[in-house]
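Below, chain A partners chain B and then partners chain C, in two separate complexes.
Up next, the complex of A and B:
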């Protein structure tokens, strides 16, 4: 049935166009032969096609446009006629003889246009006549198009200020009056459409009405372009009349469209100055009108206006824009208790943006807005609506972007309260936004209180919130999150050591609640912040009269010890071991021997009990030896114990080459350059000899397992170590020892059973070159090296 | 002229939040032909950042690096020079130039780039040059109390390499340069 209808419509339209074109043809013929009577006859027939009721607005428009084009030519003819002496007044009267009213009125408007141009009568008189005569058409679609035609032809003939049509009798007041009347009538017709036809076709009607809305809105546009309208006239005449029509028509579609039109079309300064009136209209509108969108758009415009130039800001203050808008929103929300939460938040979001632009220094206003939001949200529990949560994120991000400083945002007491209503996913999103803002602006967070407040806000990242077990959290996302928390911790700093210690304690408290998955990310930055604080304390004068409670390196180390214990529950032994060794070095610098020893003990326990991967063991051993080598705080006994253990571990590594290398590295434990009592030549040599034995064993093993003795590279490396200590003046490393090692290597390389290894050869060659070079140096060094034969 | 960036020990996010902004604005993609990284980045984001500066990226593993697949050491040839990279925690005593020279002999390279101590060093010995680009973020180091963010840019041209060191001192970037020339050595035939 409907398909038939559409097909029919196409048919009627084609028929209408055909009829129109045919009559137009005859009309043109008449015009060409200056036959006024015939021209009028055919034009009237042509315009009769517009009398149809069968077309939808969309199709009617097509017909109308063709008629419009033809009427332009007719108008030109009329103009010619008057120049040829035909009286325009006669013409004006003549066209009124047309049989049907619709063609009659189109022709009248066309002649009227020429009439006004001729200036034989005041513009206002003609316009008034026309706008009232158009009342003859009460059919909505036909009437709207007719009046639209009137508006189009009269557009450039309004007696505006500075226009040629302005005179003593014609003023801008008349122009305004004309447009307002046309507008009012058009709106009435438009609204009437809603009530025509059966109820079941309501949706279709609304769609059709929507297609026509610009015809009505155009009038407002025209009004906005009239130069003679100043603020006073707008306030006294234009706005009240327009609003009167909008309110009285009691039509949802019209009200929504026209309110928005007013806001978009007239200048922002006008809106500011008429804010009371404008806002006063909202509660009078139909309850189904989407006021929040219109209000939001108004606030958006005003925000942009405020942002455009600082000069306009005083105006905002003068009209008390904020409180008016705030009240208006409050009233709207009250009047619509069923408004969905998305609507409420959108409104407050727009208001907040407005506030931030117009009153950037009034934190209390911003807080007020957030507080109103909280009140509306209370009792609703966590939000489920995706769009609503997105809006809340936008709401909360606005102050961050404006102030560029989380600290200012933290001063808004209602900020954290709004965040309470976010579900854990969105909380994390918001937390990430906050952290990014801090990192981007390089904000330093400098008090424990602020750290506490901040961690409260971002708690979704710091720990698992109640009832959420996100096993589905993407691993990469989780890593990124936690790394951003780690970076954040670096931004907490205060020169004052007491405050810094409080900050560290606060951070510790929060991250320890984070659970085993988070600790490997969050503990390291905490540790290093603490070690930096230790250094700072060292730099300060020791205060012998200091209070019991004041921070000392010892206290910090105790805290660190307890913190690092938690890593062992995860388990994360390699990381824990590295951090224990770092702490040991720091304790070494503070001359705290027992503390350093305890850290080493913990590291060793981890090595023995938890680190079983071969590669990890090698790395751990290097770190242990490297750290121990630098320690000066240990007494002989302690040092001996730790060294003995380290050497033991080295000799027990899985692969022989690793063993060998670790053991010769241990030789350095017995020789520390800048401490004379730390130079034990014998034990160095013992170590190196042990390394040699291991290298030998490696060779034999290789021979047994693979049939060749493998590479000599380990021997060459040990040779290098011999040379190192020889040069340092270790009396136990003799020229003879070096010589025999060189011979051993040479023999091995030439032996059949050894595996050729270019790398080992190169190493040997460069070692020998080194010896030569040292000889060439002359002086004490040259003398030393002289006896070595290569 | 071949530009090689030597950089490392950023320790992001354990010890530093990010590269200093003044460094970031200097390091733009397209200007550098190779990046040599001593290790301890520590996370993938830093790796990706370097990759975006220059696709030819060589990294060795530092003890805190998240990625276990980086090698312990690496060698590569650029122009007439053989370069070696190693983080340095494996060479004991840490920072000891003689021990580093031994590593250089082991890797058989003209230029050895290592890190770990967070102290810039450029040292010439008979076997070649040892360069430590320091820490690009000025991260905490048990080695020294005074860490300024630094990195190194090497300009390799024929047998000559100019080492530019960029240090951030009191908020200002200071540049220094050191010249090294390689003498074509005659090695005994293998």
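Up next, the complex of A and C:
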């Protein structure tokens, strides 16, 4: 049935075209022979093809275009005819003798065009007549095309300012009047189209209508091109008239399209100066009209306009653009209770963008917008609508992008309240956006209040929301998120130690709520920030006012101790151990022996109780040794206790090579170069010897287990230690000892049962080279080395 | 008898010509045989001056009982075939009885002739003016020659010319208000007006304005009425909705109209009507007819 319809339509179209062409042929012949009577007759017959009701607008357009081309020729003919002496006035009458109205009016418009050009009558009179006469076509499609033809032939003949058709006075008014009237009539026809024909074809009709919309919109375009329309005229005449039409037509499609048209075709400054009027129309539109898109475009245009030049900004202030827009949006939302939440958010989002562009200094405006948004969202719970949440993200990102400064955004009290309406997933996304913004702009957050506010914003990342734990979170994503939080913590900084301490307390408060999964990521940056503060406090140790400072390193260390405790409870013992050692070292720098001792104790406890993996133990013990070596704050007793413990741990490692290495490392605990009271050569040697013993044992063990001796690497390494202490002047380390060690190594390497190890060989070789090199240096060092024989 | 007339050629030729024949305006006149000829145009109170030339055929002698010329105004009703009602009859004797041997010219003149009615060629009736030259003869039939001419009378523009304005409708279906700017139009006039739609509940397809001519002849029970539609002029395409007003501009010049004739010599009347017709989608016609008065305005030529 429908296929038939399409086929039939094709048939009708081709029949129409055929009829048109045939008459056009006769018309041409009449034109060629200057036969006016026949020309009129055949052109009228040709135009009669346009009287069809059978074609869809699309096909009708095809037919119309053909007729249009023919009419151009006819117009030329009329022009020549007047040159030959035929009175244009007679011609104007003559074409009106046609009995059928549609051909008559097409011809009338065509002659009218020539009439205006002849200037025998004022353009305005002819135009007025034409636009009036066209009322005779009440059929929507035919009427639209006819009036579109009228608009087309008249657009270069309007009595505009500067036009050759300009009359005496106020003729722009006539031009405007003409276009407005044509527009009004076309719009009426267009709107009426929907009521024609059976209801079941409504959808199809709406589609057809939408194809025709540009015919109507073209009038607005023509209006916008009339030079003579100044702001006053636009304000007083053009806009009210157009809006009246738009509002009164009560048609969804038309209202949407035309409002958009108005916004797009007229200049921005006009919009700005007529905001009241323009915005006043929005709440009056049909509730189904997609106002949000239109309004958004308006705001977008205005934003761009504001961005285009700084000179126009005062205008915006003068007309109070923001409050007007804000009011209008409020009213629109009120007037359209069915508007989906997405629409509401889109509107506010556009408004926010607008105010950010236009009034970057008025943060309160932005906050107002967010506040209004919150009011709308309240009572709706979390948003389910995917698009709406996306739109909120866009809304919230806008201030960040604009100010490049989270600090500004933090001043927006409604900002976090909007975020509350996001689901936790989106919330995280938003939080990440915020952090990224901070990172990108290297924003420094310098007060505790702001930190507090910021954490409020990104709490989605800081802790599990709603008490629900989402198992499906991707591990990598999670790490990524937490790493960004860690980076963020580094961005908090204030030169004022008091404030910085507050910041740290705030951060601590928040991150401790983060749960075991987050703490390993968030504690380290906190610790390091704190240590940084400690160092800063040291720098200004002398308090010039002698007041009792509330922020002391001690206090910080207490805080750190507590913090780290939580970390060891998670458990993350290795991390905690490392951090304890860091803290100990910092305490060392502050000469706080008991504190440092406490940290070490904690580290040791962790080592003993929590770290069971042998590899972790090796790493830990080396860390302990390294740190301990640098400690200078300890008294003899404390130090002895700690070194003793460390050596003890070293010797208890599982694998011999590990033992060996740990033990020779311990030797450094007894020999600190820049501290004279820390040079216990004897105990150094003891350590080294012990290491040698262990190396030997290791060698034998491997011999026993695998039938071949292990590598000599350990020996070479011990040799290096010997050389080190020898060079540092440890009296207990003698040439003889070194000599025998070298020999031992050489023997071992030459032994049949040894496993060849190129790395060990290379190390040994370069050690020997070093000895040679030192010898050749001469001087004190050279003398020292001289006795060693290689 | 008739074919004998044809068999014997009249012994002379008769020509009737007007003194100002060359300069006088000529208008077309449709003859009984369907041909259109150009004839002289007169109006009432004019002097009709001219001459009659009688030319015997090669030396034949024409005996006669006198020559006269008549100016006749006749009304011919077709259903009453053959009966002419002469409402005007003027006679001038041109010659006393005698014989004609050679070409002879007789001047004639009818001064300020009263010709109150216009020439008219209708469906059932014809009103015509002729000049009739009769050469009376004994024993044989008279020689008769006729010359038509057309009379048109001009009227000054009426001093009172009200517009026609009317609201019509079908209850709860269609209410319109129409207005024609005048009730009296001259023949080259233009009808200006508008139709205002007050209520439209039917699906209209189009609207047209017809000019109808109503010719009634005879009187009493023998009245014959003939109505012709002279013009069909489409005013509106599609369906107007409430509140629309549709303009009317109809030029009358393309149509062959005559002035309105009221009760011409108690024989016939010709009246004109504007008929506004609205057609709905099922081709039902709704119409309203209004009489207009036509008059002839002297053309400034």
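In this section, the second predicted complex is superposed on the first by the 763 of 790 C-alpha atoms of A that agree within 3 Å, B and C clash if a C-alpha of one lies under 4 Å from a C-alpha of the other, contacts with A are read in each partner's own complex, and residues count from 1 in each chain.
Assume a residue touches a chain if its C-beta (ideal position, glycine included) is under 8 Å from a C-beta of that chain, and two chains touch if they have at least 3 such contacts.
Please read these numbers as outputs of a predicted model, since none were measured by experiment.
In the superposed model, B is the one of chain B and chain C that contacts more residues of chain A. In the superposition on chain A, contact is made by A:524 with chain B only, not with chain C. Look at A:162: by the touch rule set out above, it reaches neither chain B nor chain C. When the shared chain is aligned, no partner comes close enough to touch A:198: not chain B, not chain C. In the superposition on chain A, A:779 makes contact with neither chain B nor chain C. Touch criterion not met for A:337: it reaches neither chain B nor chain C.
Contacts of A:619 after superposition on the shared chain: chain B is touched, whereas chain C is not. Touch criterion met: A:135 reaches chain C, while chain B stays clear of it.
Residue contacts after overlaying the shared chain place A:99 against chain C, while chain B stays out of touching range.
By the touch criterion stated above, chain B contacts chain A in their complex at residues 12-18, 21, 43-45, 63-64, 89-90, 92-94, 98-99, 101-102, 105-106, 108, 126-127, 140, 142, 145, 187-188, 190. Touching chain B in their complex are the following residues of chain A: 439, 442, 479-480, 483-484, 486-488, 490-491, 521, 524-525, 528, 531-532, 535, 578, 582, 585-586, 589, 619, 622-623, 625-627, 629-630, 665, 668, 673, 717, 720-721, 724, 727, 758-759, 761-763, 765-767, 769-770, 773. On the chain A side of its complex with chain C, the touching residues are 51, 93, 96-97, 99-102, 104, 132-133, 135-140, 142-143, 192, 196. On chain C, the positions that touch chain A within their shared complex are 206, 231-241, 244-247, 249, 251, 253-254.
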